[in-house]
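Here subunit A shows up in two complexes: once beside subunit B, once beside subunit C.
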Partner chain A sequence: MTAFRKILIQISSSTVLGILPLLVGIQVALVAILLILNNENVEPRAVYDLIYERTLSLPENRANVVDFWLPILLCCCGLLLTFTAGLWNIGIEGQITMGAVGATSIALFVELPRNEQIFTELFMAGAAGGAWALFTGVMRTRGGVNEIFGGVAMNFLASSFSSYLLVAPWSPPNATGSATVRFPENAILPSMDDYRLSPITMYITLTAFIFVLLTLSGSRWGLQLRAMGKNEKSAQMLGVPTERNIWLAMLICGIMAGLAGGHLVLFRRANLPANVSGGIGFLSLLVVLLASIRVRWVPFVSFAFALLYSAGLPLRTRLQLDASLIGIFLGILVFCVLIFDGVRQRLKERVEQRKLLAASGGEKSPPPPTVEIQIGQEASSGPGSN
Partner chain B sequence: MRLEIHNISKSFGPLKANDHISFTFEGGRIYAILGENGAGKSTLMKILSGYQSASSGQIIIDGKSAQINSPHHAIAHGIGMLYQDPLDFAPLTVLENYIEGKPFNFLMRRREAEADLLARCKILGFNLNPHAMVESLTVGERQQLEIVRLLSLGVSILILDEPTTGISAEQKSQLFQTLKNLAREQNMIVILVSHKLADVEELCDEVLVLRRGKLVGHRFLPCETEILVEMMFGKRLSQTSPQPLYTNKPILKIHKLSIPARLFTIQNINLEVREGEVIGLAGLDGSGQVEFMRVIAGIGRPTWADQLTAMIALAGMWWVFGKILDESSAVLNLARIAILILILGPMLKTLYLYIRQRANNAQNAQIMLNGKNIGWRGYRDLLERGIAYLAAGRLEEGLVAGLTLVDHSALAERSSLPHVNWVRAWHRTKQAITDFSIKGRPFSQIQTLSGGNQQRVSLSLLPANLRLILLENPTRGLDVESAGHIWSLLLNRRKKGTAIIFSSPDLDEIIDYSDRILVFSSGQTTLVENPEQMTTARLGELIGGKS
Partner chain C sequence: MDPVLTSTLADIVRNAAPLLIASQGELITERAGVVNLSLDGTILLAAMAAFAVTYNTGSLGMGIAVAMLIGMLVALIVISASVFLKLNQIAVGFVLTLLCADLSTFFGRKYSGQQGTEIPYTPIPILENIPVMGEVFFQHNILIYFSLLLVIFVWLWTYHTRLGLSLRGLGEHPAAAYVRGTRVQLWRFVYVAAGGALVGLAGASYSLSVKLGWREGSTLGNGWIALAIVIFGGWRPFRIAFGAYFIVGLRALALYFQQEDVLNLPIQIINMTPWVLMLVTLIFVTSGLAESLLVLVPPRWRPAAQNLLRAKPPAALGSNFERS
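Here is the complex of A and B:
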């Protein structure tokens, strides 16, 4: 073994330096991004200054970023559960859309006292998103339809259904079908006094995050989801109720996505527009992938994503950069981090295997309690029967 | 032909898998490499066949030093390896597999290759249909194909890894005759890696024994079995026979069961399993033994509820599509059809499996556990009722790679508490490590353990009060000592009345440990009541269809 490989293995075995490959991945991504910016004749410093100016420099800009961040974090919390269970819930976009539709159905057609109104709207948002996700889960376990295919179909259905509602039954008079009328004030989520932020959404998101953190770090259900994510068949053979867990993980993820959709229409927009989710479901998928399904990393990574996305429009207007470049930058980042995380995993596995080989190599195994050896002879010594 | 290895060493970190091994193999002779699990046999063979490179040492073939860095290099030097599970392509034909791996030609020249294949088969006494799909062949036929393929590539040193696993006695006899002919008539070197001492004694001229990476012995055969065992393990092993412990109380009754297997549909199976009884299932690979056990364990059976849900989902989706889509839009209709195909395909497959299952069991088939019909229950439900199943693929269906021993212990614990008591799980794991002689630590990831230790972990995770354990090839890939230990753990369970049904390609194992044997042959089953009067040859005949 070369000295270089020895050093690599030593490094990877250290908990502190285990994140080195991740840092290398980020460095590689940054170099790639700099090359692209250079190709566009844009100074990286100018991009950084603009992002800072439009996102973090003023309190209202910071509030905007947080408002963008909360629904992403909420979706990520749900996706952490499904990803841990090995379920690629691609249908999260549809679940957000259906949550928004569910909330709108109450906001437009039901009139209740303020508190009851808000509760009913959010309940409907969660129920609609949850039902949409549960349906995908049921198709997975009962019909053998992969959740990716099911999710794509359900996204398509949700988008078509929302468009149908905007064109026909919920279309305002003399409108083009791009959005419903503005909701009554009674139906809109209350805002904080100083900043345009919804305290209800903040509480919901915080609760969801703590729930997911506790579930995945110490609960029996979290362990079962982890086992299913690594090998569903084996988990089933160990007595894990895999079908129930798939349904439950999808349902909870759908509820969280539905609530995120509810926030979009009940607070940010105050009406139901076409393409209400705006891609935050797919953005959440990227966040969870980039965080390697680690709960503690998700708030930071999702915040960074929210920050960069919030700066998308100024980049286009001020620096004449294509807004889609932000998506490309994030894609490069995710790609590089995933590659180097894979390298880290492989090194870690090797180290563990070598440690065990070294530990068992010199040891003598303890004698078995009662050894009954049959050395391959003809069956003259077989057990009696009858 | 002459193969010399000088001071071959291979290290994995501090562990020396091969430690300065030197030997000279002569043409025309058949050698056996023996050793317990982890002795370094596979590493040495992988070095010779190019899958791994040695840390140090030299390989000399016919007086010339050979650099072997890949299987391709090894074949160029005339070394070929036949694996326990032959490395072929199941969805291709025999001829296509034969052509694969040959020096590249833009045109495959099928006719020439077919003539060549048939000529070689004729010389070796094999009967392979060039146009048959490999997935329809038995393991024995696949081995024959691999031997012919390797010989066509000019191999003169043939290494065989556990070649008798999964083949019938008749196929084994034919394989051994072929190997003897190749050694004697073509002056080839044949090296056999095996755990089965009976095979070694029957086939080989010389035997090398490895222990902890070192070559600890060399003997000419015939030689006393006990001497070989002592060289392998460094001690003599006791040879005791398990005593029957069953009562006359039946726990499982199977009535008129029909099961579709890979090769045949097994018709009308009737069996009564008694408390504490061990029933061995014998038959060629794919004859239905595994499917039989899986049906009893409730694994992979579509139920009526699956169908109902699938149909409701399908109808609901069709209705929603019909409501919201514009019929005149070709693009939307295409998308609608594409998505329906994606969803319809798997659902129709499930429906087909269900209908086939119903058709096969149309005549009141029943599986009764302690007098109650369990025919439509799933595995988890049956596990609660005392039926457990251990598959042959330990890491595929049984244990979860990436989780530790403590994680497994916590997963297998039946508890209604929402949180895991990790301290208790750790104590249980430590206890299991001691009780089941597992070489591993509580926080070792399961995939880093050897096959034997993984199997011990699987057994330690089974609930205590089981009525029936179903096992697919319980000692797959294990050496004599590990296999003996696994069986001692299993047989101890009989004292509490647990019955055992197991399948194995090793006929000796079936005869030695079974109270009764159920033979699967050509879609029929035969129950052997007195295994003590059975020989492997006779059992092989029954498997082959001779009554």
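Here is the complex of A and C:
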């Protein structure tokens, strides 16, 4: 056995070095971005300085990053439940949009005392997002429509519906259909005194995170979701109410996404714009993939994503670089982490096979059976891999 | 026939070509048991690359070749990650679709709004003069003819050749296909590469023909629609073709309604119709509702009706195969 192979085996068998794929992923993504920047004749230092200046240098910039982070983290909390259950909730973009639409419907047309107003708006946001997600779940269990296709369809429907509202019934006079009028002050979420942050959204997000953490780490329901993620049919045979759990996981995820959409319109924008979700649902999917459904990693990974994304606009205005550069960096990063995590897993498997072979006195272990795993129930980096 | 209707039908055939090519490509991929979810991003990147290469070199052939190469490469990444690393095909495809979309935006910004070269119009002699049919089917460019022939070719290949039988075996029961002597992994690579190349070609047909030129996100959403059409079409070439024409036909109808002020419905609501109809049809077919209504069909027509309504995905779709 060569020294190189020995090193590889040591790396693969070390649990401490489980973080290696992430480190390698960051390295590869950085090299790729450096190559792109070199091609564009832009100094990497200038990009770094700009990102730092616009995100971490001043308290208001840091508050802006946190404000961007909260809805992403909220969506991630919901996605942790669906991913664990083996569900690809790609329809999360639509759920955010419908949450924003639900909140807007109250903000524009209902006048209540401040507290009741805010509560009703958030309730409608959660209800609209939840209903949208639940419908996808029901289509999956009762209609036999795969949640990926159902989610994509529901995204398009939500986007078209919100565009319709903006050009027709909710369009301000003489407007182009790009946004509604600004909401009355009474309808906007209160802000902290020192920084532009919504304490209500912070409480909601914290509650959601603790709920998901406790659910997935120490509850019977969490265990059921894990079993479903590993193998839905087997879980069903063992008495897990899979249909009810799918509905519940989708509903809770939809409520969280809807509340994130509510935050976007009730605090950040104070109106309903076109394309309100702005891709944060897909971004959250990337976060959960990168964190490999590990609940404790999600806040940190989502914060890093929020930090980079909130620097996107200045890149365009100050360095004439497109904001998509950040998307490329994150895409390469997640892709590399997936790949290197796969490499690590395979190496680990080999080591275990060798150990098994050695323990059986050199006799060949029985050949691995043909793997027949349904979509969303496989692998180290998708739903159900936890 | 009304000349407006004839020209609308010709437009539908033209505009549906990229969707048709992409969905047939995905059909081949999925029939081999692999899900390539990267379609939306791949089409965007391929469309941008085809336009950029043609713009810089003046060669349409080169632009198309590069687009196909990109489609093939992305598809090969998906299957390689699945075969060698046992990664989830959906996860890899999803990340790639976002990455490719961002790459197309970043590298395509120089070409946004530039004047490009179009694939030349090549009516087919004699056939172009057939009344109605000539204008609808035979007065286009070569990519449109290719899209029409592709459906027939995929159908013949899948259902009337030995290799097509083994293709279906790869997606339905790879272990059985292996026992019968099919080199499962090799053929999966071949079919996925071919399907990916077709997806790349669909991208090229957007920027060089149907939506001439390049703009950020110009084909956004069409990859998802192609994926949806494959499911809607029940993994069958002709039903998929029907789905593509149906979607594009509804879009054309929406435009017509808007121009003529017929229904007085906003375009956004009409745009929702294809998705609603697809969902309803899919629920009707896959929930067993359609099967339960088959009792109303005369017994001698029942097997044919049952076959027509069948919408089951390949049994081993998205699964990994290991030689035992």
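Descriptive notes on the structure:
To be clear about the criterion, the second predicted complex is superposed on the first by the 338 of 386 C-alpha atoms of A that agree within 3 Å, B and C clash if a C-alpha of one lies under 4 Å from a C-alpha of the other, contacts with A are read in each partner's own complex, and residues count from 1 in each chain.
Everything that follows uses one rule, which is that a contact is a pair of C-beta atoms (placed from the backbone, for glycine too) under 8 Å apart; a residue touches a chain by one contact, two chains touch by 3 or more.
Here the structure is a predicted model, which is why all the values come from computation and not from measurement.
By the touch criterion defined above, A:286 reaches subunit C but does not reach subunit B.
In the superposition on chain A, A:164 contacts both subunit B and subunit C.
Contacts of A:172 after superposition on the shared chain: neither subunit B nor subunit C is touched.
Of the two partner chains placed around the shared chain by superposition, neither subunit B nor subunit C is touched by A:273. Of the two partner chains placed by the overlay, neither subunit B nor subunit C lies in contact with A:314.
In the superposed model, A:149 makes contact with both subunit B and subunit C. Look at A:36: by the touch rule set out above, it reaches subunit C but stays clear of subunit B. Touch criterion met: A:218 reaches subunit B, while subunit C stays clear of it. Residue overlap on subunit A between the subunit B contacts of one complex and the subunit C contacts of the other covers 139, 142-146, 149-150, 152-153, 156-157, 160-161, 164, 367-376, 378-379, 381-383, 385. Of all the residues in subunit A, the ones that touch subunit C in their complex are 36, 88, 90, 139, 142-146, 148-150, 152-153, 156-157, 160-161, 163-164, 167-168, 282, 285-286, 289, 322, 324-325, 327-328, 331-332, 334-335, 338-339, 342-343, 345-346, 367-376, 378-383, 385. Of all residues in subunit B, those touching subunit A in their complex are 11-16, 38, 196-199, 212, 225, 229, 237-244, 278, 305-306, 309-310, 313-314, 317, 320-321, 323-325, 332, 335, 339, 342-343, 346-347, 349-350, 379-380, 383-384, 389-391, 395-403, 407-408, 410-412, 414-415, 417-420, 434-435, 437, 439-441, 444-445, 447-450, 461, 480-481, 484-485, 487-489, 491-492, 508-509, 511-516, 529-532, 534-536. Against subunit B, the residues of subunit A that register as touching in their complex are 1, 135, 138-139, 142-146, 149-150, 152-153, 156-157, 160-161, 164, 218-221, 223-224, 226-227, 230-231, 233-241, 349, 352-361, 363, 365-379, 381-386.
Note for the complex: subunit C touches subunit A at residues 35, 37, 81, 84-92, 94-96, 98-99, 101-103, 105-106, 109, 174-175, 221, 224, 227-228, 231, 266, 268-269, 271-272, 275-276, 278-279, 282-283, 286-288, 313, 316-324.
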